[in-house]
Amino acid sequence: MLDTEPATATASAKTAVRQGVTTRRRRGRRLPFSQLLVHAVLAVCLVLTLLPLVWMVLSSFKTQGDILSDPTAWLPAHFTFGNYAQWFGPLNIGQYFTNTLVVAAVTVAGNLVFCSMAGYALAKMEFRGRGLVFTLVLITLMIPGVVTFIPMFVTVSKLGLLNTYASLFLPFLATPLGVFLMRQFIGSIPDSLLDAARLDGAGEARIFTKIIVPLCKAPLATLAILTFLSSWNNFLWPLVAAQGQNTYTLPVALSLFSVGQSATNYALLLAGATLVILPVVAVFIALQRYFTQSLVGTGIK
Amino acid sequence: MTTVTSAPAGARITRAGRGRPRRHRPRLAPWVFVTPFLVIFAVFTLVPLLSSFAMSFTDFRATDVQNPLGAHFVGIQQYQAVFSNPQFLRSMLNTGYFVLVGIPLTIVVALALAVALNNGIKRFRTVYRVGFYIPVVTSIVAVSTGWKFILQPNGPLNAALHVLGIQGPDWLSSTTWAMPAIIVMAVWRNAGTLMIIFLAGLQAVPHELQEAAMMDGAGSWRRFWNITLPILRPTILLGSVLLSVGFLQFFEEAFVMTNGGPLNSTLSITYFTYNQFGFGQYGLASAASYILFAAIALVSVIQFRTLRSRD
Amino acid sequence: MFEKKRVAVAAGAIVVALTMAGCASGGSGSDPSQTAVSSGKASGTIKVWAQGAEAEKLGELAKSFEKENPQAKVEITAIPWGAAHQKYQTAIAGGSTPDLAQMGTTWMSDFAAGFEKVPAGLDTSGMFDGAKSAATVGGTAVGVPWYVDTRVVYYRKDLAAKAGYETPPTTWSGFQEMAKAMQTKAGATHGILLPTGAVQDDFQGLLPFAWSNGAELTNSSGSKWTFDTPAMVSALQYINSFFTDGIASKDPNTATGGTEADFVSGKVPMFIGGPWETGSLVTAGGAAFKDKIGVMMIPKQKSSTSFVGGADLTVFKNGANRDGAWKFVQYLIRPDVQIQFYKLIGDLPSQKAAWNEGDLKSDPLLQTFKAQLENAKTPPATTSWTQVSAAADQELEKMVRGGESPQQAAKALQSAADGVGLSK
C-alpha cells in the first residue's frame, strides 16, 4: 500500500533531477554562509521554543510565596533549593524513580523486541491474515484511549496482577504504534537483500537478527525514545493499578504531593516536574546519535 | 494456500548446516513473529474494545456499575443523542479546525527542522535535537503555568508584538484567539516527536545521490523536492497518521489552558467525552468515542490514499 | 469540596465493561450492614485510602489509635486528589476497594451505592447540620463528616477602612456599595473577584448568593429542578450587576496564584474563598500581612447561607474489615482527636464541640467560618448534579460574557436541567 523501495525511488529521483537541471550553475559546495544563516534561524527558534521551560526551571527555585505574590516574575525573589530538598528528603523521590525506571525499561525492551518482530512479519513476510493483522494494528492505534480504560483494569484485576510491577507494564509491552512504526521502516529495506540471504539458506530468525535489526538502528532508537517517554509520563494507569504507595510511579508521586484539594503547591510541582524530565532527556541524548546512522547501505550485495 | 516470499523451493540449499526441514511448516515463521504482539493485544485491548462498543448501544450509566445487566439496550439512541447535542456539534467543529490547521503546520515545522538539522548544518546538531525535543517531554501541568504566563494580556508575547506595532489580544479569553493559541501550543509540544521520526527517515536518503545532484547543479530546493521528499513519503505518511490520531483526540491543552472555553470555543470531542464520563453517562460517552474513532479511521484512510507511493 | 480535576489525567475518562464489571462485583460483600458498632477494641488490618496532605497526617493519628487498640493495624495508602475520583471508580468496578476512605463531599452520590450505611449507634449529633446532610444520600447517611469547609468573603480590612467601612456591611446593597467604594476610594482596579462560569464549579461558587436570596435548587420533594424562579432570577441579576457595573472583571486573572497576588497588591481586594485561603494569602503576603485579612459572612438578603464542603469518612460494603473501620471512624470524630487533627493540618473539625479550644475559639477569622458553617448547605445529593452544574457554568458564562439576560439564563438552565433529570 505504501512502501517505497529506495531503489526505485532513487532511480526516478535521478531522472527527475537530470531533467530539472537548469543551465545556471550553482556552486557545487555549500558555503559556510548559508550554514550560518540556518544556524541563526535555528538558534532563534530554539530560544523561543525553550522559553516556557526556562520559566518552569527558574520558578522551581522560587518559594511558594514568591510564586503566589508575583506570578509574572522570571527570576526568583528568594532563591531556594528547598523544593528539591523536599523531593529528595521526606518525599523520597528515589523510590518512585526506581519504580518508574524499572517499568519503563521493561516496556522499552518489550516493545523493541515484539514490535520489530511483528513489524518485520507485516512488512516482509506474506501470510494469510497479514492484511487483517495490520488493519487491527491500525484500528487499535485509532481507538481513543479513554474508552478501554476500566475494562483493561478489570482484566488485570481478574488476572490477579494488581499491585505487582507486572500490571504496570504488561498492557503496554507491545503497542500498535510500535508495530506501525517498525513496519514502515522495515518496509523500506530492499527485498533483494533479504532474498539473497534466503537464497543462502538463512532462516527467518537469522535474517531478522543479522540483517534487519542492524539496519534499523534509527527507527529502533526512535521507538525506544517514544516508548520510554510514554511509559515515563504515564499517570492514570499506574495510579489506578497500584494498590499501595510503594508501586507508585513518578507522575503519580508528583500529583500526590503537589496537588491539594483546593490549592496546589506550584513551587514543589515545578521542581518535581523538572526532576521528572531529566532522565528522559538523558535517554534522548544517549539515543539520538543513532539518527545519523544510515538505514540502508550504499550498495546491495 | 501457501506462498512464501523466499526463492523457489528448488533453489534452496540448506548448506548453512541447519538441517532443519523448514519446508514442512513454511508458514509458521510469520506467526511466531506476530504472536507476542497479538496475545497482548487480544487480552488487553480487544476484549475491552468489544465491551465498550457494546455499551454504546445501551443506556449504561455510572450507577449501573454494581449491576451492569440492569442497563437497557437502546439501539442507536445514544448516537442520535450525541449528534443532536449542540455542544458535541461545536466540539466537532473545533476539532476539525484544530486538525486542519495543526497537522500541516506541525508537519511543515517538523520537516523544516529535520532537514535543517540533517542537511543544513554540521555542528551542534545534538544541542538542537535535544532542545527541540524537550517540549515533548515535559509535563503539561508544569508547562501550562509557563504558557499562561506568556499568553497573558500583558505578558511577553504581547510585549513582543507591541514592539512590532501590533496590539495583541487577550489570547485565552478571546473566542477568536483562544483556539489559535492552543494550536500553537500543540505544535510546540508535538513538532519534536515528528522531527525525530523525520530525522530517522532522512537517513534513508543516500548521500551519493544528493552529491550527484549537487554536481549536476541542482539547487537545494530542487534536491529536496525531487530526491528527499519521494524517499521520505512513507515516513511522512507515518508521521501524518500518528499526528492525526493524536490531534483528533486533542484534550490536554484545552483542559489545562482554557477549560474548553471561552464559550466552548476550544471544546474538543475528547473533552466532550471526558465530561460525559464525568457525569456518569457511560453509554453516551462510549457512543461519542466511537464516532471519534470513525472520524480517525476516515482521516487515516484518506491519508493512506493521498500519500501512498505512486511507484 | 469543589472537585478539582488535574490534567495529569491522561486518559481522563472511564468506561465500564458490561460483563466484566458484572463478573468482578458479583458475589462480593452483600452482608447486612451493622446496626451498631460492636463493643470492644478494634482488631485486624484496616485499609484506608486518603488523599494528599490528609493522608500524611492521618498516619500520626493512626499511631495513637493503634496504641489504644493493640490488635489493630491501620494501613494508609495516599492517593492524589488529581485523579482520586477515577481511582475510586475503578476500584468499585474492579472490586478492589479498601475498608475506609476519605471521600470528597461532592462525590458522595457518585459512589453511594458502594458505601455501607452508617450504623445507628454512631453518634453524629454534635456535628454541623449542613455537613451531615452532605453525607446523606437518598435519605440514608452513608458517610460521617470528617472535616468541613465553607465559603466566605475575604476582604482587605485596611482598604475597606480607607473606603470608609470600619465594619463591613451585611446587606446586599451595602456589600455592593463597599465593593464600589474600594475602587473609587481605595485604588482597587476591581472591587471583587467573582467567578464567570469559565472554570468548572464556578456556578457552584455563586450558589451562596442564590441560597441567601431564598432560591432552592429543587422542589421540596426533590423530584424537580427549580431554576426558573423569581428568587433565582433576582440572585442572578444581583451577580450580573457586579459585572455590568464594572465592579467585577469579566476576564479575571486565573493565572497561577493570581487571586492571591491581586489581593495582596490591592488590585482586587475581595473574593469568595474557603479557609485554606488564609494560609495561601499569608504565604503570598508574608506573616505581617495577616492583620490585613478580613473575612465576613456571605451578605444577607433573606439569610446568609453558604456552601459546605470538606470530606466524609466512608466505609465500603466490600471492605474486609468494616468493623475495624467503623471503630477507627469513631476514634477520628472524637472532639479531642479532631482538635489534634486541626493542629496537624488545619482542616476544620466537623464536631462543634471541637471548636471550644485554642485557635478555633479565639481566632476571629475562624469564628466567622464557624458562624457560616451553622448556615450552610450543599447541592442535592444526586448523580445528575455534576451535569447540571456544568450546564449552569455554561449559562453563567453566557450571561457574564455573552450578554444573555438573567431571565434568559434561568430559563435556559431550567430546560437544560430538566433534560438531565433528577436521578437518585
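By written order: A, B and C. Residues from 1 in each chain.
Just so it is clear, a residue touches a chain if its C-beta (ideal position, glycine included) is under 8 Å from a C-beta of that chain, and two chains touch if they have at least 3 such contacts.
This is a predicted model, so every value here is computed, not measured.
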Which of A-B and A-C has more C-beta pairs touching across its chains: A-B
Relative to subunit B, chain with the most remote C-alpha centre: C
Subunit A-subunit C separation of Cα centroids, rounded to whole Å: 40
Chain centre separation (subunit A, subunit B; CA means) in Å: 13
Contacts with 2+ other chains: residues of subunit A: 71, 145-151, 155, 233, 251, 254, 266
Contacts with two or more other chains, residues of subunit C listed in rising order: 6, 8, 10, 12-17, 20-21, 89, 93, 255-256
Where subunit B touches two or more other chains at once, by residue number: 47-48, 51-52, 139, 141, 145, 149, 152, 270, 273-274, 277, 285-286, 289
Subunit C partner contacts - residues on subunit A that touch it in the complex: 64-65, 67-71, 145-151, 153-155, 157-158, 162, 233-237, 239-240, 243-245, 251-252, 254-257, 259-264, 266
Complex contact set, residues of subunit B against subunit C: 47-48, 51-52, 54-55, 58, 60-69, 71, 139-141, 144-145, 148-149, 152-153, 170, 173, 251-252, 255-256, 258-259, 261-264, 270, 273-282, 285-286, 289
Sites on subunit C touched by subunit B in the complex: 5-8, 10, 12-22, 25, 85, 89, 92-93, 110, 113-114, 198-200, 251, 254-256, 383-384, 386-387, 390, 394, 397-398, 401-402, 423
Subunit B-facing residues of subunit A, complex: 1-6, 8-10, 12-14, 16-18, 20-22, 24-26, 28-29, 34-35, 38-39, 41-42, 45-46, 49-53, 55-56, 59, 71-72, 113-115, 117-118, 120-122, 124-128, 130, 133, 136, 138-152, 155-156, 170-171, 173-174, 176-177, 179-181, 184-185, 187-188, 191, 194-195, 198-206, 208, 218-219, 221-222, 225-226, 229, 233, 251, 254, 266, 269-270, 273-274, 276-277, 280-281, 284-285, 288-289, 291-296, 298
Parts of subunit B lying in touch with subunit A, wherever the complex brings them together: 1, 3-7, 11-16, 18, 20, 22, 27, 29-34, 36-38, 40-41, 43-45, 47-49, 51-52, 113, 116-117, 120-122, 124-139, 141-143, 145-147, 149-150, 152, 155-156, 188, 193, 196-197, 199-201, 203-204, 206, 208-209, 212-219, 222-223, 226-227, 230-231, 233-235, 237-238, 241-242, 245, 249, 270, 273-274, 277, 285-286, 289-290, 292-293, 296-297, 300, 304, 307-309, 311
